[in-house]
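In the two complexes that follow, subunit A is the common piece, with subunit B as its partner first and subunit C second.
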Partner chain A sequence: MSGSLVKLDEQIVSTPVSSVNLTGMTSDYDVYVVQGNNISLDTDADLLCIRTLIDGTQQTASSYDKAGMLLKANTTFQDIHGTNADFWYLDMILGTATQEIGNFTTYCFNFGNSSEYSFITMESTFRNTHSVLQGIAGGGIYKVAEAHNGIKYYAYTGNIDTNSRFVLYGLKK
Partner chain B sequence: MATNLEFIKSETVNQVISFSMTDCFSDKYENYFVTIQGLDHNNLTRHITALRFINSSGVVTSANYDLAKLGMMSNNTFSDDYATAQTSINEISADGYGKGSGSSFYVYNPYSSSNYTFVNYQVSAFYDIHGSTRGVKGIGVLNIAETHTGFNIFDYGGFNMYNGKISVFGVK
Partner chain C sequence: MATLEELQVEAAAEIEAAKPLFKQVNNERLEFSSADYDQAVTDLANSKWNEQQFGYIQARQEGYGSIADQLDMQYWDKVNGTNLWQEHIAQVKSDNPKPA
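What follows is the complex of A and B.
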């Protein structure tokens, strides 16, 4: 798979912002990858949330489902699931202490297909608001058959902090 | 067209207990994708392989690794395995009876001197005398903010590893 990943958008937060939009999804690609690293939030116990975008407009229908396993380095794991929410989230409940940062890789499927739902797989690895290593392995569906040409990451209550990095790639056909 | 998953290096692993993939992380990339394929233990029973990172002084063996992994057996119930303050991230690969294995992992921020180094990993292994498949989804962190230039894998039981090929890609 060497040489098959094409960078379409990159956002490195220079001052705290409530959200980051990644755009540039076109019919040139079927599958997209979003990678985030060094993600931090400026409010303790805040969440990084995800929504699909159409021409820069976030989609807020209560049609986001997800299911996965939340791995924890200090206790038994947790089934995480939900239906009909108005956003996805990676269960990254981050804090503001040193090294309470998150990293993730998300694959996006069918985003350009107006006749099917949009799907994502999610994997993350992060130190949470209690400085415990956690990570999610799972997936999500946006149950609206429409084409999306971007994806939005936003903090649930506060801001995404400086130096957080988000990159959107297309998988070359 | 210029693309952004760039091959860095590939090495073979054969008849060694420990193998260091040196000088594969740099300031050119923030994140990396690594594959390990074919690794086995030459007909020995189930074995697991562990991961450590390499800094300017060598392999980091201090008890600063945390991990969590979901072990999924084709013939048994799944298991939650987790630990803190370990000297390695274990089961970055696994195999049994010389049948090989496949694993991959993302490494986040290894070269950054200001961030901890994180991994997401997944493994598929022929693992058991009964012929079961074992899958692993795992996460790990080295809780030291320092620059890492490579990584080391080693057999968790001190036996030789055979037939492995490690490839490292930079995600630009």
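What follows is the complex of A and C.
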């Protein structure tokens, strides 16, 4: 049925790893969705980062732009933006205390299209490294016209911890 | 203040010491390829550089009171002839200095 989500890949971290690669994106779907649940990192004040993949190889051109709003429970919201980085990061800064975990949804557009830029939107909620409840609504674009058949989530400096769960869905045309 | 080249050497030593590093692909835990290790060194060096050069910006943003609190400080400064707001801003700046 059009509009259904088709589960393509699920990865649950059983032993800490630096990165999790989700693959299997093709032109079969126009839109992919990645759900992250129970995301935790093993290094304090570390950051969850994202890169596109081509056949398992991470793309590192300085062509990742992002913009969004960091929603802070304890103070004024913060505009976040950046251009020409070599990865996307949407300011999900986690710590190592028990409750400092995150959940997110990433929508991936044009990943299977070699003549368009790939872009994502991301919404998340998390307790940050100071145990403050925060959220992010934003997105990013990778300014290289090429097809990507995967997406990589990785910790900026440490590891993604045990029981972090990543699920890739295709949105049926 | 370290140069980027010095930080790259530092990063290479740290990655070497941290080996083996792993990635998860198709629910398999695989050791990094040599290209992954090279990229990890680059990423770590860049993160050190960014922290050194720009870390104070984030630290200051987290250190400043909310706009509402700052406006409240300014109101009471006006009423009481105190200097709380300016002292607050100066303290956050001096606690998180801009790199020379």
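We adopt the following convention: the second predicted complex is superposed on the first by the 170 of 173 C-alpha atoms of A that agree within 3 Å, B and C clash if a C-alpha of one lies under 4 Å from a C-alpha of the other, contacts with A are read in each partner's own complex, and residues count from 1 in each chain.
Quick note on the criterion: a contact is a pair of C-beta atoms (placed from the backbone, for glycine too) under 8 Å apart; a residue touches a chain by one contact, two chains touch by 3 or more.
Small disclaimer: the values here were computed from a predicted structure and weren't measured.
The superposition on subunit A brings subunit B alongside subunit C with room for both. Of the two partner chains, subunit B and subunit C are each touched by A:T75.
In the superposition on chain A, contact is made by A:T125 with subunit B only, not with subunit C. Legend: residue contacts after superposition of the two complexes on their common chain; A:G135 is shown touching subunit B, with no touch to subunit C. Judged by the touch definition given at the top, the superposed model places A:G56 against subunit C, while subunit B stays out of reach.
By the touch criterion defined above, A:K172 reaches subunit B but does not reach subunit C. When the two complexes are superposed, the chain touching more residues of subunit A, out of subunit B and subunit C, is B. Once chain A of one complex is fitted onto chain A of the other, the partner contacts of A:K7 are limited to subunit B, with no touch recorded for subunit C. Minimum Cα separation between subunit B and subunit C in the superposed model: 11 Å.
Common to the subunit B-facing and subunit C-facing surfaces of subunit A are residues 75-76. Those residues of subunit B that touch subunit A in the complex are listed here as 1, 3-7, 30-31, 66-70, 80, 82-84, 106, 108-109, 112, 115-116, 118-120, 137-141, 143, 145, 169, 171-172. Per the touch definition, subunit A reaches subunit B in the complex via residues 1-7, 35, 37-38, 69, 71-77, 99, 101, 103, 105, 123-127, 132-135, 137, 165, 167, 169, 172. Touching subunit A in their complex are the following residues of subunit C: 21-27, 29, 32, 35, 39-40, 42-44, 46-47, 61-62, 65-68. By the touch criterion given at the top, residues 9-21, 23, 56-58, 60, 75-76, 78, 86-87, 130, 154, 156-157, 160 of subunit A touch subunit C in their complex.
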